[in-house]
Amino acid sequence: MQRIGVFVCWCGSNIAGTVDVAKVAEALKSEPGVVLSTNYQYMCSQAGQEMIKEAVKEHKLTGLVICSCSPRMHEATFRKTAAAAGINPYMVEIANIREQCSWIHKDMEEGTEKAIVLGRTAIAKVNLNAPLTPGESPVTKRALVIGGGIAGIQTALDIADAGFYVDIVEKKPTIGGKMAQLDKTFPTLDCAACILTPKMVDVAQHERIRIFSYSEVESVKGFVGNFDVTIRKKARYVKEDVCTGCGLCTEKCPQKKVPNEFNLGMDNRRAIYIPFAQAVPKVATIDADYCTMLKTGKCGVCSKVCTAKAIDYTQKDEFIEEKYGAIVAATGFNPISMDKFDEFAYSQSKDVITSLEFERLMNAAGPTAGKLLRPSDGVHPHKIVFVQCVGSRCASCAEKGKEYCSKICCMYTAKHAMLTRDKYPDTDVTVFYIDVRTPGKQFDEFYRRAVEEYGVHYIKGMVGKVSPEGNKLIVQGSDLIANKQLKIEADLVVLAAAIEPDKSARPLATMLTASMDTNDFFTEAHPKLRPVESPTAGIFLSGACQGPKDIPETVSQAGAAAAKVIGLLAKDKLTGNPCVAHSDEMMCNGCSSCEKVCPYGAITYSDKEFRGPNRTTLIRRVASVNEAICQGCGCCTVACPSGAMDLKGFASKQIMAEVDAICK
Amino acid sequence: MQKVTREMLIEKASALLAEGKVDRVLGWKNGEFSYDVTPFVFTDVESMKKDFVFGDFAFANFSKYLIKETKKSENKVLVFLKPCDTYSFNQLLTEHRFNREKVYAVGIPCDGMVDVSKIKEIVGDGIISVESGDLIKVETLYDGVKEIAKKDVLAERCVNCKSKKHVAYDELMGEEGEILDSNRFDEVAKLEAMTADERYAFWQNELSRCIRCNACRDVCPACTCEKCVFGNPNSGVENKAASNSFEEKMFHIIRAFHVAGRCTDCGECSRVCPQNIPLHLLNRKFIKDINAFYGDYQAGEEVGSRAPLTNYTKEDLEPSEAVNKEEN
Amino acid sequence: MENSKQNLCNEIVRRSGVNPRKCMKCGKCSGTCPAYDEMEYHPHQFVYMVETGDIEPLLNSKSIYRCLTCFACVDRCPRGVEPAKLVEAVRLAVVREQGKNHLKADDIPELLDEELPQQAIVSALRKYSK
Amino acid sequence: MQVNEYKPKIVAFCCNWCSYAGADLAGSNRLAYPAEVKVIRVPCSCRVNPMFILRAFQRGADGVIICGCHPGDCHYTSGNYYTRRRMALLFSMLDYLGIEKERTRVEWVSAAEGAKFAATMNDFVQTVTALGENKRLEDLRCKK
């Protein structure tokens, strides 16, 4: 039997004004388990808390009921008081007789009567309370960042600078991501490489950062603070620690006809390659799909020219197992495929290109060495049409486009238009737009500059079709303001393709048990208040894998994710919320209903041995809750038909007792 | 449809036993009366020849028995499944209640089972024996042998049969049937059309007869909890017998709720109820609502499907819309 | 009067199965329309005018007979609005009125010429007459 | 005021994160609602087991209301979606059994909607008061 102390707070006149506190204390004296019931002006004050501690000692109390303000206000305070007095903090229940009683009722009698019921209800609950101890789990002080674009780079640098070890897993041979492919950045027109490559070097040189390039995450087990991750380091057939990045092999390799993905296939590279000059790590990689040596066993030129003896044709995929305390997803985005947009003739004409291809055409390290030349014939285009929202805001068919706004296209199109007019004033530039969306610092000013200073023609309307005719592209579109249909003879058409999450995100989300939305963007724990955390504890989100973002936004989010990771890794131990679900294995059926409704993947099943009748052993499938992952919502408790699953601190019996006390 | 006979089933079982493919056969044998057919585990051909029965009274859905039976031996157990039984079979697999590897399932066609209470309505008490067939031969103490057309005494659940198709088996005897358009929700709709007072009176009358014998729970292939919530001391609702009219309601509402989305509508609950309470009308209400609110869903149709109550969409209807729909 | 116009408008929306509110006013339909120059009111205007209930001008416009029903707008609309179906519904609203057949059987002999496939005449008759 | 005026018993289950905070806000803003409403705090509306609701009726409650975060705003991301399904089916069943459907309700009340909380409770108490005592779902043993 509990020995319960009831403490009724006046809260000055806040409670005592409409609740007869003495009467409440008196009435609650006769409730079961109550050995002391008293009242005081301010229970939360130093003196009030001392009074509670004294009472615990004097009356050997095992449970406390504080009739006071909302538990959202002072539950934590009184739990600390209880702990200081030597009883379990979870043996405290609060009866909310201020916010939910004295403040809403004017009649003293009514208020007092309700306060008594609320007190009685809390007592009924405390009678069934059990001491709870939050679970503790150690934290591995190392973070994993998946994706080595600007998001992953920034997150890794911030975490490492705070003193923690970080590993970056990047599936490509180099880090850098999409930003490395960009020419200039809006709205400042900084050269992308000039601001990105120093950061890449910082990463490479940072003593607490390891880069696993050309690698992928193979499996993830464990939970917040204790993830066990297997990383597959794909065979690149070059010893990473030996290669000096001199690039001789990439010049001598006889296989010259490999589409260069860095330039989006607009030129070719060799079968052994370094994606770009500033690659990190700057080591060569052999493309096994094209290497003659690997395919036929005949060639070996790269091996012969390599003075460092770094080539190893026998290399195999390597598996690395590592423990991490936190994982950051920074898997980024890709432009969607234009194959399904026949109306824009993307697959029919080389001169219809995407904006990312345009970036490469404008880039000094690109296929045209920075000269704006038409891909088909290498001639300088004089009339360029940009089409916005290609595949964005496209609700009609899911396999074609995306329902959302890709967010970055308005700005980069303005940038492209402006740069074109700046470099080639003889070029006429037209932009078809549905809306120009430029919320952001200096964004609208930037767009207006394109129009006002650079004379870019913005036409409100959409292009209906593009048809190649001779060496021209006939762009047919509507001008909604002039109420005309336009037919423009263009030399080059640039499509602002919608962006989508990288395809690797979906299987990764499954491994991480992190939730995704219907578009395969990672879902945040709370759209407003926890935007860089996944609902799954220990998983954080950085950059465009969470939603379309431009560079400044990505970097801020990357920093925010890093701050969250640092906050986690700074702890030696994680103290869980003790109010978690618990499965009674004797009653569990193993039906998986609870597992299906758990938003955190906290429930797992295993076959366990049980003693059956007549010294037999029965093996049954039963659920168990990982207390470090469970957040205590209780959804599983209702999904469980037998009631095997219950929630500590909010047990079925406790809630039933509250119901009974109210209805008494 | 090809009729599967007792002899064919014995022959099939004998062959499988002889091959060593199975070491037990889950079958039917006569109980106290020939219309009171009961499940039995056979281990040899001789006893099957002696006691095995099959016919218009072989109601028992064996799926639930597999939970315990599959744990008893390393060998497979042979089970005969009527189309409606296969849904329960799948549902239990979905819930990981038995090991599929330990079962050899033979699908058998079914042209409906006979409700003995309907026969009693015609011939009165004192039935000595019944013989299956399109014309049921009933011998009574007082009137000798009488023949009754099977279609006139089909069980309610068979009149409204939802499927003649087997959704699970290792081997099928006879021809495969089809999923049927049944009128099984008509009675629910009729109740829905009544006023609240009439419905209350209807259920008060039905449920007040409940003696809390738990037969519905014990036979239900969805009620396979290791321990029922009503026997779980931590559930806060532990009780054995009802002491007033509400507790029966609570028991039956909770039971129906717990099997909602998992109930395959096999009808066993109503069959075994000694008080003849139409319990299936509670389950069917949930099934009808689930179909109407969240799209058609047949529990057990597919192994591994996600039950409607462990699923959601962002556009689900509000509880207030759920009750107001009834009005219209 | 106002009411009957609204009713007709609702009827057109119902008949076409098009929800004009889904339109985001990008103009791709009009950008893609091969009969644009022939039309007084263009596909995006059809959608907008039905949405705002301004159907009187559409009913009286020759535009409803200029639409080729090629469905290019339907195919390319990013929001799935299906303007051609709306044009069709407006056309039906006119044609179904007593004596409002746009093409009468008697008119056909005049239209015949060697280049024109017979099939086109037949389908035009079906399309423009009750 | 009449002395013997009928006062219903109302149990309100409120989720800790939204509706309980909304109830607190109603208090902070001194927005009155009848004292008949007694709140039980649960972590999430999805913790509310149909058994709790039936138990409340069994023990003499005249109305039960469940309040949670708005769909899409659940602190636990998806709890209230399950609540919505469970309660839609349960309420429909209670209606089917002839129990007045006005006695049960689900409302989504955010932490910022103190006014909505008070208005909802006023309305619910009024509705239940009009229905009168709950006779159909009551355990007579517990009546004094």
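Order of writing sets the chain letters: A, B, C and D. Residues in each chain are counted from 1.
Criterion: a residue touches a chain if its C-beta (ideal position, glycine included) is under 8 Å from a C-beta of that chain, and two chains touch if they have at least 3 such contacts.
What you are looking at is a predicted structure, and each value in this text was computed from that prediction instead of being measured.
Novice: Determine which of the two chain pairs, A-D or A-B, is joined by the larger number of C-beta pairs in contact.
Specialist: A-D
Novice: From the centre of chain B, which other chain's Cα mean sits the farthest off?
Specialist: It is C.
Novice: I'd like the Å distance between the centres of chain A and chain D, where a centre is the mean of that chain's Cα atoms.
Specialist: 35
Novice: Please work out the Cα centroid separation of chain C and chain D, and write it as a whole number of Å.
Specialist: Centre separation, chain C to chain D: 53 Å.
Novice: Could you tell me the distance, in whole angstrom, between the mean C-alpha positions of chain A and chain C?
Specialist: 48
Novice: Two-or-more-chain contact residues of chain D, please, as numbers and ranges.
Specialist: Expected reply: 50-51, 55, 78, 82, 86.
Novice: Mark out which residues of chain B touch at least two other chains, giving numbers and ranges.
Specialist: 229, 235-237, 309-311
Novice: Can you pull out the residues of chain C that are in contact with at least two other chains?
Specialist: There are none in chain C.
Novice: If we use the touch criterion from the header, which chain pairs count as touching?
Specialist: By the stated definition, chains touch in these pairs: A-B, A-C, A-D, B-D.
Novice: Using the touch definition from the top, list the residues of chain B that touch chain D in their complex.
Specialist: 188, 191-192, 196-204, 229, 235-237, 243-244, 246-247, 249-250, 253-254, 256-257, 260, 282, 285-286, 289-290, 293-294, 308-314, 316-326
Novice: With touch defined as at the start, can you tell me which chain C residues reach chain A in the complex?
Specialist: 22, 24-33, 36-37, 42, 44-45, 72, 76-81
Novice: With touch defined as at the start, can you tell me which chain A residues reach chain D in the complex?
Specialist: 70-73, 96, 98-101, 103-106, 110-111, 113-114, 117-118, 121, 515, 523, 525-526, 535, 579, 597, 599, 631-635, 637-639, 647, 650, 652, 655-656, 658-660, 662-664
Novice: Looking at the complex, which residues from chain B come into contact with chain A?
Specialist: Spelled out, the residues of chain B in touch with chain A are 71, 95-97, 223-229, 232, 234-237, 258-259, 306-307, 309-311.
Novice: Okay, in this complex, where on chain D does chain B touch?
Specialist: Listed in rising order, the residues of chain D that touch chain B are 50-51, 54-55, 57-58, 71-72, 78, 81-82, 84-101, 104-106, 136-141.
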